[in-house]
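In the two assemblies presented below, chain A is common to both, partnered first by chain B and then by chain C.
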Partner chain A sequence: MKLRRRQRERLSLWLQYLAFVAVIAVVVLAADWGRLREAFFRVDIIESMFPTVITVALRNTILYTLGAFAFGLVFGTILALMRLSRVAPYRWVATAYIELFRGLPALLVLFLVGYGIPIAFPEREIPGGVFGSISIGLGLTAAAYMAETIRAGIQAVPKGQMEAARTLGMSHFTAMRTIVIPQAFRIVIPPLTNELILLTKDSSLAYVLGVTAQTIEVTKFGRDTLNDRVNATPLLVAGLTYLIITLPLSQLVRRLELRYAKAR
Partner chain B sequence: MKVRSAVRRTGLVVAIAALAMSAGCAKKEQGEVQADGVKLVEKGKLTVCTHLPYAPFQSKDASGKVIGFDVELMDLVAKDLGVEQTIIDTPFEGIKSGQDLNAGKCDAAAAGMTITEERKKVMDFSAPYFDATQALLVKTGKPYKSLDDLKGKKLGVQAATTGRDYAKKYADEKGLQLVEFEDLAAEQQALANGQIEAAINDLPVWTEYIKEHQGGFEVAAEFDTGEQYGFSVKKDGNPELLKKINDALAKAKQDGTYDTIYAKWIGKKPNA
Partner chain C sequence: MTTSPSRPAVEIRDLHKSFGPLEVLKGIDFEVGHGEVVCVIGPSGSGKSTLLRCVNLLEEPTAGKIWVDGTEMTDPDVEIDAVRRGIGMVFQSFNLFPHLTVLDNLTIAQRRVLRRGRAEAERVARANLARVGLTDKAGAYPAQLSGGQQQRAAIARSLSMDPKLMLFDEPTSALDPELVGDVLTVMRQLAEEGMTMMVVTHEMAFARDVADRVVFMDGGVVVEQGPPREVLGAPRHERTRSFLSRVLDPTHVAQLDPPGQSAEPPTSPGLPADDRHQI
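Right, the complex of A and B next:
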């Protein structure tokens, strides 16, 4: 029997639906739901985690994320400008830094900041305690990524903008500051927001620094509660707590991208 | 059009592959069941979960081999079973919550682990093999003699340990500021750096640390909490292996092997 093209396409579509349903059915049927619920969904434990999970843990997660983002944004912008600089050594240093820090796991960088700096400067300490250390530790890595994004953004601004500004008598610096960078940032807002989402999750690395009850963040809080209650429910709560931040942010990214696409 | 149908076909292939895979990994490999009913997750191996480093109970030597008090005791069990011991280094939470054993990651846990009522609910413990006390380590010359002297000060603890639970119990009453570290090495480093004023952990661990850092640190206080270490196996999952462990321990205590191992790693003889 020879199928016509339309029929073939229909059949293939149906097969795809079927395969999809079959995969889900296999997973759902094979899982041991009773045990899963006992291990991951104990209502009494969920209740015991509120309100601390929001008032302390989530608050700190947001603080650490913003601290690292601010540090990374400022430092990343400087790096981006250095990479585009006419001064060759600036370009070399920025390129070397970006390659180095994009290649290192954030965990190691955080460890170096948290334990290396106190060893190197025994009489001094990073201001802000855990907040300061994590802002710098994660910020150093984030800056490397953001620098590349911002550089691409600056290069995406049409050359004519800079040329026109220079023709009007602006200095290179003024033209960069008032004409090019503002336009570049509009272009890079969606990818930078993605970086913010990544940082939100990376803030969970704060545990390597050693945290107190006041400086605890969401993941560590979940793991601690797991220890106290000998049950994995807190991990589920911690995961959902992250979604409170990350889902709206990714929605925002989508909106911004859409708006930017329209504006073009 | 051609491109689209090609995309569809790839989609279909991926879906079928996923289905095949989910069906394929539905059954885990069975490992080994020995003649006397002892179940092992991997054939020919006694797989043991621990969290490194925790000298003198388990730590790596210069060549990267895991050695220590627990390791030698578990070696006795492995020898009785006629298999080799392999050691998996995994976060302590997974061990003490029983999840590593439940998930079949290892046959037994030997991690300088205190037997507690909470933990007994999620795993089966062997007979106690070590009496542990908690101790407070400070830098030599610091004026701290007890938890009372640490009011408002930073006290380091290791996550998921009984020392942490002990400190937490008194944290509010004594106004302690607890700082939790992921592992022993980080806790020690923080004390050495001055990020914390004192640190709580099991006494033998500090004794070992002081030995390696002559003159730098001292034990300021000991807290006799009546704790005892035990090995553990999956809850109701492997009574045969548990019996083997208990038999090996009993035999070692009787024929003096235990005393030899104790003297080698802990130092002074156990009070019989």
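Right, the complex of A and C next:
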């Protein structure tokens, strides 16, 4: 018997649901929940991690992330403007920088900043200690990514905007600053959020700089606790702690985008 | 900057402009007197928009000289930002700043360029909004306005800088037909107040009624110019006649173009493939 179109579609949908439920059932039934709970969900260990995981570890993670993001945003904007510059050497320098730093692992750059700068300038210290080092170390890499995003945003602003601004007597710089760049940033809010979330997780690389009890961040705190207690529960706690940052962030950005939609 | 009242508002001598191998303007000589309204008409690709954009140096001429109010625009050392303050420009696509309210669109250049205080800038802005009939739209964003309202806001934005010369680049071409009238009314009112205007347009009725002089361009040269009565009413050149018959009677089929003469002139050259904001 031949099925009619809607019957065929319904049947296909039910088969997909069935397959999905089957996969989940197999995983749930096959897993050893007792051992899992013992390894990842020891309530006494969870309790022992509070409040330090929030008051120190989460706080530092947020600080490192914001520091790196701010450094990356400012430096990335400068690089983007250099790439779009009429001055050829600016374009060469910016392009070379972006290609180099996009190709290097953030871990390596962090090492170079954390240990290279003190060797190169023995008389001076990076301001802010670990905070300063990680802001610069991660920010240098983030700037390379953000520069390309911001450049694309600037180029997405219609040429007529610059022309209208110049026609009103604004200099190129004033027109960029008051007309083009504000519109470009509205365009690149989603990709920049992505970068911020990536940086949140990259801040876990701070351990290579040798953090102390005061400068520890979420992942390192989880790993240290894991070593102390010989149990994986701290990793679960650390993972959930990151979600405390990233989930509200996504929500905030959705609202920002809605607000700017009116002024586009 | 030397300003001499005896010089015309706009003076163009042997202007050439090429985009790569494509020569768009092939030697234009042209003047606009103070208080004069000049309409430039012609088929698309004839170079009329390019000519207009050369006047305030949005396009860099390849050769020739341009003076605006006695200041040589083509002088490499011209203080271009200072000269442009006195030249308003209205674009086909309005080019309002979408991230700013209408009021801020009108005040931002007054404040950043003319260094006017907030109160004075807003006073001037509101006076000009009233002039174009948009008093109640000061707080709106451009996206909340109709095309006709956006174009009138754009005109008010230019007027807020107290220009001595206004350039209009096909100001009604992007509008729905029923919105064209409001914009043309504002422009006519401006003309009657004595503003010097250079208008690239396809609105023949506006050219006939408002212009002091009509200039017909084709193929990068000025084919003929004169009072609207002559150029539009009794054109001397065959090219003008065939253009006018196509514009005024577009569905007319009896008289086809002679073979070998393309009915459709080359399309607009577009901008050079260059995505840098280097104006």
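To be clear about the criterion, the second predicted complex is superposed on the first by the 252 of 264 C-alpha atoms of A that agree within 3 Å, B and C clash if a C-alpha of one lies under 4 Å from a C-alpha of the other, contacts with A are read in each partner's own complex, and residues count from 1 in each chain.
The working rule: a residue touches a chain if its C-beta (ideal position, glycine included) is under 8 Å from a C-beta of that chain, and two chains touch if they have at least 3 such contacts.
Keep in mind that what you see is a predicted model, and the values were worked out from it rather than measured.
Aligning the two structures on chain A places chain B and chain C next to each other without any clash. Of the two partner chains placed by the overlay, only chain B lies in contact with A:Pro122; chain C stays clear of it.
With both structures placed on the common chain, the touch criterion links A:Leu13 to chain B but leaves chain C unconnected.
When the two structures are aligned on the shared chain, A:Met162 is found in touch with chain C, with no touch to chain B. Applying the stated contact rule after C-alpha superposition, one finds that A:Val23 touches chain B and leaves chain C untouched. Contacts of A:Thr212 after superposition: chain B is touched, whereas chain C is not reached.
Superposing both complexes on chain A places the Cα centres of chain B and chain C at an angle of 160° as seen from the Cα centre of chain A, in steps of 10.
By the touch criterion defined above, A:Lys220 lies against chain B but remains apart from chain C after alignment on the C-alpha atoms of chain A.
In the superposition on chain A, A:Glu257 makes contact with neither chain B nor chain C. Superposition on the common chain places the nearest Cα atoms of chain B and chain C 34 Å from each other. Touching of chain A by both chain B and chain C, each in its own complex, is seen for no residue at all. Contact residues on chain C toward chain A in their complex (touch as defined above): 56, 58, 81-82, 84-85, 87-89, 91, 93, 95-100, 108-109, 112-114, 141, 143-144, 154, 157-158, 161, 271, 275-279. Those residues of chain A that touch chain B in the complex are listed here as 9, 12-13, 15-16, 19-20, 22-23, 26-27, 30, 115, 118-119, 122, 207-208, 210-213, 220, 223-224, 226-227, 230-232. Residue ranges on chain A touching chain C, taken from their complex, read 84-86, 154-155, 158-172, 174-176, 178-180, 182-183, 186, 260, 262-264. Chain B meets chain A in the complex at residues 5, 8-9, 11-12, 15-16, 18-19, 22-23, 26, 93, 96-99, 118-119, 121-122, 154, 156, 159-160, 171, 177-182, 186-187, 189-190, 193-196.
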